[in-house]
Amino acid sequence: GGTDQAGGDEGAGTPETIKVGAIYPVTGALAATGTDLTNGVKLAVEIVNGEFPDLNLPLAAEAGLPNLGGAKVEIVWGDHQGSAEKGMSEAERLITQEKVVALLGCYNSAVTATASQVAERNGVPFLNPESTSPTLTQRGFKWFFRTTPHDDTFAKNFFQFLEDLKATKGIEVESLAIVYENTLWGSDVGKFEKKYAEEFGYKVVEDLAYPAKGTDVTSEVQRLKAANPQVVMQASYVSDAILYMRTYKEFGFLPEAILAMDAGFVAAEYLKTLGEDGYYILSREVWALDLAESKPIIAEVNDMFRERFGYNMDGNSARAFTGTLVLLDAINRAGSTDPEAIRQALLETDIPADQLIMPWEGVKFDPETQQNTKGKGIIVQVQDGKYLTVWPWELASADLIWPMPGWDER
Amino acid sequence: MTLLKVENLTKRFGGLVANDDVSMYVERGEIVGLIGPNGAGKSTFFSTVSGYYRPDGGKVYFDGEDITGLPTEKVCLRGMTRTFQIVKPFSDMTVLENVMVGAFARSARVSEVRDRALEVLEFVGLADRRDFPAAGLTIANKKRLELARALATEPKLLMLDEVMAGLTPRETQEAVELIHRIHERGITLFIVEHVMEVIMPISDRVYVLDGGRKIAEGPPQEIAENEEVIKAYLGERYHAARG
Amino acid sequence: MLHEVEVLRRFAPPRLGRFVVPALLLLLILFPFVVNAAFYVHLMILVFLFAYLGQAWNILGGYTGQVSLGHAVFLGLGAYTSTLLFEWYGVSPWIGMIAGGLVAMAFGLIIGLPTFRLQGHYFAIATIAVGESVLALFNSWDLVGGASGIYRTIVPESWWAMQFHSSKDPYYFIALGLVVTIFTVTRLIERSRLGYYFRAIKEDPDAAKSLGIDTTRYKLYSMMISAFFTGLAGTLYVQYLLFIDPEMVFLLMLSIQICLVPVLGGVGTLWGPAVGAAILIPISEFTRGYLGGSAAGLDLVVYGALIMLVAAYKPAGIMGLLRKAS
Amino acid sequence: MLLEVKDIVAGYSGVPAIHGVSFSIEEGEIVSMVGANGAGKSTILKTVSGLLRPERGTITFAGQRADGLPPHRLVAMGIAHVPEGRRLFARMTVQQNLIMGAYTQRSEAERAETLAEIYEIFPILKERRTQLAGTMSGGEQQMLAIARGMMSRPRLLMLDEPSLGLMPKLVTQIFELIRRIAARGTTILLVEQNVREALELCDRGYVLQTGKVVAEGTGDELLGSELVKKAYLGL
Amino acid sequence: MAAVNTVEILVQTAVSGLLWGFIFALISVGLTVIFGVMDIVNFAHGDFLMVSMYGAFVLYSFWGLDPLLSLPLVVAFMFGVGVLTYRLLISRVLDAPMLAQIFATFGLLVFLRGAAHLIFHADYQSIKNPILSGSFELFGVTMSVPQVVAAVGAMVITGLVYWFIMKTETGWALQAVAEDKEAASLMGIDSEWMYSLAWGLGSACVAIAGVLLSNFYYIFPEVGVMFGLIAYVAVALGGFGSVTGALVAGVIIGVAEVLGGFLIGPEYKYVIVFLIYLAVVVLRPKGLMGKA
């Protein structure tokens, strides 16, 4: 980590720096994910501060923010350790002590909820790149913007995918198990999945809320075995995701597919820890490396990322990266650090798809909710140690493997 | 008039019968001694009578009412207070505060309670230590504190369990005087003590327990001559020294 | 005899000057007018909140000696009560605050009755068990928002709704008011029969009984007072954060933080919780702010080392230190 | 000289309770120490046995410097201290308590021999050897405490108020016991409130007042002195 | 897919619960040893588990040592950590009130966790293909090899610890110190050394648990949180200081958690454990086998 004076300090006499606050779980149970997120932010800032004329991204070509006299961006970090109250404190500190002009964060929806209250009260723009609780943008906040699609959309994507399966591949899925960790994020996901299961006419044979960060998931897996669903829809953070996959294998539980709600299943630790045991799961994603085949910019950015941090980007780093760029682009267009100007600039944001490393149709905020209307999810599958896009079919870089191969056939 | 009346009290600890069918009474205004070998069940008797233990059989009447099985705090409020052989001071509280806790049994007015406590401290001779934590007192003074605390609850019947152990003969004399002064205040006393120099001169009557059973009762002189008591408790030497 | 007096004199407790308290209070009232930085006002609100919670805990844990590691439950119940009253029936949080206190108090009574027989760690774990069970229950209880929690409806700022958006000062003064209340209440308790009885029970329950104290009943009083006041703060907590979910209010870590405050300052002393909060909260905020980003974990290392140092070298808390010095 | 204590100052939390106490004990003597409550008698024993560290002064035991050493080292040197209030291991059996007393004695054979000897002196303990120490009566506990102190085969046995809380018959027995132990060659330092009995029993005695030695002499000399008569016997 | 047999699943669930129970027991034994001797609960116990797991991991990643081989090294190391903890920290709060003791070890917990973050970062680590791995089937019940080994280990260790404390002279000395430190020192027992021994022993026990666990569990700085809490509850449920109590309680908790979670609902699995604890202590305030 580091209180990064990000970017090169080549030019002596740089006009000034623009301070932006970023609040993430740097320590605590979610620290692994926190690292991915902060790395995404760091890379985005390095690109903005440096000169990368060949990179078709907002603010890449010139050093710093041109409309602010080439001002460099400095990220001031906050660590919320997964606690809503600490998130609030950090927001408070960054805004009033560090005088940041805008905030980024906070990954955990509950923390985003309270940290953004602080921003709302202080009239400071808050851009949320990666929290997916749908309620966040339904609060009527004036200063809160979100780039990522939310869980409602994602849950719906799952069922669109299942419908597509039936229509184009003749794979019929009837029974589902819905598995989710029993805190804010997981239970929201579970709620929407149940809602759409009913809407789309799927049978939920097991509705499994489980306590996060437990010691073992034996009873959970036994229940799943007993329910014997065709497909498991799962929302877990990374430690649980690993634990589940190990336990599935131990007890030979093998549904036709596991449809994961990203998070733990796409964290870098997941495959690193599980190896082949983690293969073949499907996960909704906002991003995948193989999208580079249709979007070369992704490869370019990922190369930079790998060079800088030693591993590939993932959905979290990509979203944090994108959110940072969107925010900085707006600050640049605002041409000042006046919060209202930045807010207006954010409202006027219209970034085309080709300037994004995301599979979205662009970034444009709904004037009411200030939710990005052009976000979209994909579904990836782990094949050969890589997350490959398998749906929507037109973006797919690999064929879907269905059903999952047995545990000892890997 | 009978203040305390205990009928056929029995107390067991598992297989051990610590008090076996014991009956005793104490008249208002008396000083009654309770002696007996170590482990005879004297402290247990006090604990059971004062409601600290529940009896396994028998009845306890105090001031004309049946108090069998009544919890110790209620018994105390009715006017019977006991001290503990193994002292139990409130270590982190000052000597005065310790005694105030006792005095609060009769009043909630702090100033009144304070005055009362000071008076009691003066009375037992601990006044010069009133502002010090009880933890630092010597054992003998801790016993004195136990006594003061119990006195502060304004008991009708005060039951003292070996408050005079570990005193030099001179100090013992002072203690005996103190007991007399307590008695002069109209408080009835029931005393367990191994020091015969204390028990014999001050008691009106003495009970003797052995192995949980009452083996003798009567005026001190009689008890001192009782063959069974000499054999079980006093020993020949004590007897010889007196004789 | 005189000799013993001399020995004992060295253990005599100190007395705080009488003028210190009014002067301190005046300073605190002036604070938001002098210091305009919202972060410091926020920091002070947290200090107040934890001094308050620490003191409420102190009544049960410090004075009466019943170490609870589940006090967050009362905070949470208070917070949920006033939130639900407001969201469902539009009841002002001021009334919700009292209601929340009463609900917490009733719950304290319910858990106190069976668990007060337990001693030391057995009691502490029982409170953890209750806390974790309530957390799990609220996580699955859809009626109260389940794990998703409840966003407080944001209404225009008013004292009636206890919501303030333009400035933190009103929260500051509410928190200060709460702190003054609890310190006054504690002072009154300390000087009354209740206080003497609480301490007696803590020191030796058997001796207390023999002096006419109904220990179970007084422990329950202590629990009810402690729970009631902890519950009150729940309303401030949720009004300030404007969001509530079970993980925020029922967490074991929060319970531990609550009793860490008086432990650091000096348990069972009037000023302990204030001193503890004034030291602990800024340290925890600043170590996270200045060390948290640069080397993940370093802030925790420093924080942990600090707690160990205090525990190991000043087990009576900072107040113990002051006492020695005077 | 078996024990030589010179000018020691010791106390609690930096506050002295004894101020420059000196005394000595010859091999084979019984020495009594008497004094009012809080005079510092127990404090002296605690200092000799290492439970308290003297702030000043020296303690020499059998020619070796003994002050400042931890208690377990002093036990190994031959000092046994039977503390005030017995301090038995209540949840262990009588025999386990005795074996703990011989903890420093590493030879199994010698230990068995000592145990046999102790059982001979205290037949009741042999009878009760599997009983938990905490469930024994006060007198039995006191005997066990003394027996436990003897298990390390000490050269010096220090007894702190061994008669406290015992019934008259047992008080007599305990004093007889002390005499017997002394007759077997163990040096004894006795602290007692039963001033008369203690002084009758001992070879020499010391009188302690507010942390200082105010008189010393043979038992009979002290018994006859005005000081003892007035201040302690209340005559 | 084969037809699902409910009875079979139930048996499987019970057996798995039992295996987990033994692991909880193994973790708890160390905690109860320390408590039994010094009346102090080590709140950082779960983090000692975490440190031992990292110990196994470090030996594995630098020298390729299998956990089975690194076991003695880690145990020896943790023995030292325990002794050091006693010498530097615990010896200073021995006579302090329970709260100061709780917070001394709580500080240690925060410290160790922070240090793990600092040194190892938040990453999840695991030991690839240890000798003890895979699972086997017995009468149609699947059992993982490392878990079975851990369960057997738990029984053996509990037995050894019990024997040591109840039957050896050093064990008696430990008990003596536990009852009355001063009196013990007057017997010639070096109480400092005994306390150090208790901490060393307790930490060595948890080291065994940690290393065995690292065979099949991933490692990260917070891994000890839930295990630590469960151990705390198990030790109280069994009765503080009772070695056999910890074993029995660990097993009860394992079975209750897994079987209860299966039958009633996983979101309540820890609630079930806590309710069992509450029910037991309300009836028996000193736990199942605690001394009154």
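As written, the chains take the letters A, B, C, D and E, and residue 1 is the first residue of each chain.
Basically, contacts are C-beta pairs under 8 Å (C-beta built on N, C-alpha and C of every residue); 3 or more make two chains touch, one makes a residue touch a chain.
Every value quoted in this text rests on a predicted model; they were computed, and no experiment measured them.
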item: Graph distance between chain A and chain D, where chains that touch are linked; value: 2
item: Fewest touching-chain hops separating chain D from chain E; value: 1
item: Pair of chains joined by more contacts [C-beta pairs], A-E or C-E; value: C-E
item: Label of the chain whose CA centroid is most distant from the centroid of chain C; value: D
item: Maximum centroid distance from chain B, chain identifier (CA atoms); value: A
item: Distance from chain C to chain B - Cα centre to Cα centre, in angstrom; value: 43
item: Mean-CA-position distance for chain D and chain B (Å); value: 30
item: Length of the line joining the C-alpha centres of chain A and chain C, rounded to whole Å; value: 37
item: Chain centre separation (chain A, chain B; CA means) in Å; value: 76
item: Contacts with 2+ other chains: residues of chain B; value: 136, 138, 141
item: In chain E, residues with contacts to at least two other chains; value: 114, 117, 121-122, 221, 267, 270
item: Overlap residues in chain C, where contacts from two or more other chains coincide; value: 1, 4, 7, 11, 136, 139-140, 295-297, 299-300
item: Contact set on chain E toward chain D in their complex; value: 169, 172-173, 175-176, 179-180, 182-192, 291
item: Residues on chain D engaged by chain B in the complex (per definition of touch); value: 12, 34-38, 84, 135-140, 161, 164-173, 193, 195-196, 230-234
item: In the complex, chain A residues that touch chain E; value: 27-32, 34-35, 182, 208-211, 213-220, 222-223, 225-226, 228, 238-239, 242-243, 246, 250-252, 254, 269, 272-273, 275
item: For the chain B and chain C complex, residues of the former touching the latter; value: 50, 52, 71-74, 76-77, 81-84, 88-94, 97, 100-102, 104-105, 108, 110, 113, 128-129, 131-133, 135-138, 141, 149-150, 153
item: Touching residues (chain side chain D, partner chain E) in the complex; value: 49-51, 70-72, 75-76, 80-83, 87-92, 96, 99-101, 103-104, 148-149, 152
